[in-house]
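For clarity, chains are labelled A, B, C, D, E and F in written order, and residue numbers in each chain start from 1.
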Amino acid sequence: MAKKWDKDFFEERDRLNEIVFSNEHLGIKRFFALDEQAYHGGALDEQTKEFMGLVASMVLRCDDCISYHLKKVYDTGATKEQIYEAFNVALVVGGSIVIPHLREAAEKLESLF
Amino acid sequence: MAKKWDKDFFEERDRLNEIVFSNEHLGIKRFFALDEQAYHGGALDEQTKEFMGLVASMVLRCDDCISYHLKKVYDTGATKEQIYEAFNVALVVGGSIVIPHLREAAEKLESLF
Amino acid sequence: MAKKWDKDFFEERDRLNEIVFSNEHLGIKRFFALDEQAYHGGALDEQTKEFMGLVASMVLRCDDCISYHLKKVYDTGATKEQIYEAFNVALVVGGSIVIPHLREAAEKLESLF
Amino acid sequence: MAKKWDKDFFEERDRLNEIVFSNEHLGIKRFFALDEQAYHGGALDEQTKEFMGLVASMVLRCDDCISYHLKKVYDTGATKEQIYEAFNVALVVGGSIVIPHLREAAEKLESLF
Amino acid sequence: MAKKWDKDFFEERDRLNEIVFSNEHLGIKRFFALDEQAYHGGALDEQTKEFMGLVASMVLRCDDCISYHLKKVYDTGATKEQIYEAFNVALVVGGSIVIPHLREAAEKLESLF
Amino acid sequence: MAKKWDKDFFEERDRLNEIVFSNEHLGIKRFFALDEQAYHGGALDEQTKEFMGLVASMVLRCDDCISYHLKKVYDTGATKEQIYEAFNVALVVGGSIVIPHLREAAEKLESLF
């Protein structure tokens, strides 16, 4: 069975965020707030926004960003089939250099379902 | 009033595609087909896919790709408010270097509505 | 003599910003504010920050961003020799794909001095 | 002596590809086929294409892609001197940010020869 | 018939290079020399290196770099069929965001042959 | 207490550089020299150049490059507050995809002070 990764991932993320926040830079703190708010449901629902975040993270090849949005989009109730269609858009837009990140995301996805 | 750009854009795109296709490279032809099919409605609807394509194009800063998906997402009936929420996700993910592309997209959007 | 570009550049920038702001997206408005504040003098002075913005813009190959920071760094009293040293850092970090942007920046710089 | 890495690399790659393929997305499957076919000998021979794939992977800083094309170009009979000339092109085009990837590639290359 | 672009392109390039060189930054001057030397024939012949430069320029989406290497690779006697195979490698590696640059390159190529 | 990383980092860097240099490619050797010289104090002082190198490395998301310039900028006597202002510029320019790299840099910074 695929390894559970999401609990460790979010704990490590929280631990490092605390270091960043302990240095109390107002601009950085505000950026993190904007980042979080960008995915709240509004004129577009949260799931659509998480799908946009996932595809953007894949074409920019940011593994941590992919892991984050993969878990979030899963939490909104997205199906595996829907997530693979998002993978496909990212692959076509970003090309074969996306493949190593798609492979890792595919393994992480198995462990969520 | 904002300048109409979409007719010229798609005509120029068609003209150049004809040059590409006239050279009959099978791999390139197949890639173009995969690209087109990736946005067909399936487990995710066409509008969601066009929004993913728009955000991916913005974070990768590809003006022609942005123009294309902007028109397509508009054609699916997306509202201006929804499109600005997609702009915001792209801006937060991709940073201030997205701004020049967001500005151009904003002007193109005005002419569509 | 080199063509004056900076007045037109900032006027066009303002015109497009007005279109963006007229759509009143709070997240985008806040992002633009964070972007502006990031270059205010603080623990690092404004000139150093503008040099960082210039080099970041060059390695990311964003012509509008380069034009903006080139003018700003010039306004802080930077010399042409200092700006060429920043060009050199950007060139070494980002490689030969930076050269077309460096060429354009070099021409714009001549018109400022 | 340098560590053998290629067997593990290709086994892990196969293991993850199986996960991807088990989800049976037709578009992704076709993309992988196009990717594979792009490097077949034709008007340009396979070695030239693998060199293009290697340099493209280096300037895009994709370690897995570099490992893959490094082994493939080695398998076509390329000499170490030829591969270093390709490294040099990638370094000049992509700049100093290519260096960490060039270092890793250099170590992997030692173990192949 | 397709428009001749190469003479204008190289003249403008020379004009801007003169501005850069007139500022006499030793590091920049040396970088330009390294860039030029990287494509000289050695263990790999000049044509192979120009093909590597072309594909690297396409996946990094640098239009000026593409124009430059397109003309150079043409000057080495490469056929249109060979150049389209290089286009295909760039397209597969870099994804659909390469397409606008491929379209422009295709038009420029017609005018060379 | 945060883990000491800098000694290991520079030793591994030296070990791999030796492999690269042992292959005696003149162009690569010259590139490494240009890279080193670009950060020497001149019309701009060394600290300003290291800050430019740090921000460029962050927006290009090159972890090894970030580690290198983080240590160098620290060695010039930069304060933690100054370094966080540089982090902020990089974050605003490069967007949320910079965050995973900023988190790692923040942890590395704690161990230096």
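What we mean here is this: a contact is a pair of C-beta atoms (placed from the backbone, for glycine too) under 8 Å apart; a residue touches a chain by one contact, two chains touch by 3 or more.
What you are looking at is a predicted structure, and each value in this text was computed from that prediction instead of being measured.
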Legend entry - Intersection of contact partners for chain B and chain D: A, C, E, F
Inset, instruction - Between A-B and C-D, name the chain pair that shares the greater number of C-beta pairs in contact. - result: A-B
Legend entry - Greatest separation from chain D - chain, by CA centre: C
Legend entry - Farthest chain relative to chain B (centres taken as mean CA coordinates): F
Legend entry - Between chain B and chain C, centroid-to-centroid distance (C-alpha), Å: 27
Legend entry - Between chain C and chain F, centroid-to-centroid distance (C-alpha), Å: 22
Legend entry - Between chain F and chain E, distance of the C-alpha-averaged centres to the nearest whole Å: 31
Legend entry - chain A: positions in contact with at least two other chains: 27, 31, 34-35, 38, 57, 59-60, 65, 84-85, 88, 91-94, 96-97
Legend entry - Parts of chain E lying in touch with chain C, wherever the complex brings them together: 13, 16-17, 19-20, 23, 25, 27-28, 31-32, 35, 57, 60, 62-65
Legend entry - chain E residues within the chain B interface of the complex: 61, 80, 84-85, 87-88, 91-92, 96-97, 99-100, 102-104, 106-107, 110
Inset, instruction - Give every residue of chain C touching chain A within the complex, in rising order. - result: 27, 30-31, 34, 37-38
Legend entry - Of all residues in chain F, those that touch chain B in their complex: 59, 91-98
Inset, instruction - Provide the residue numbers of chain E that touch chain D in the complex, in ascending order. - result: 34-35, 38-39, 42-44, 48-49, 51-53, 55-57, 59-60, 65, 79, 81-82, 84-86, 88-90, 92-94
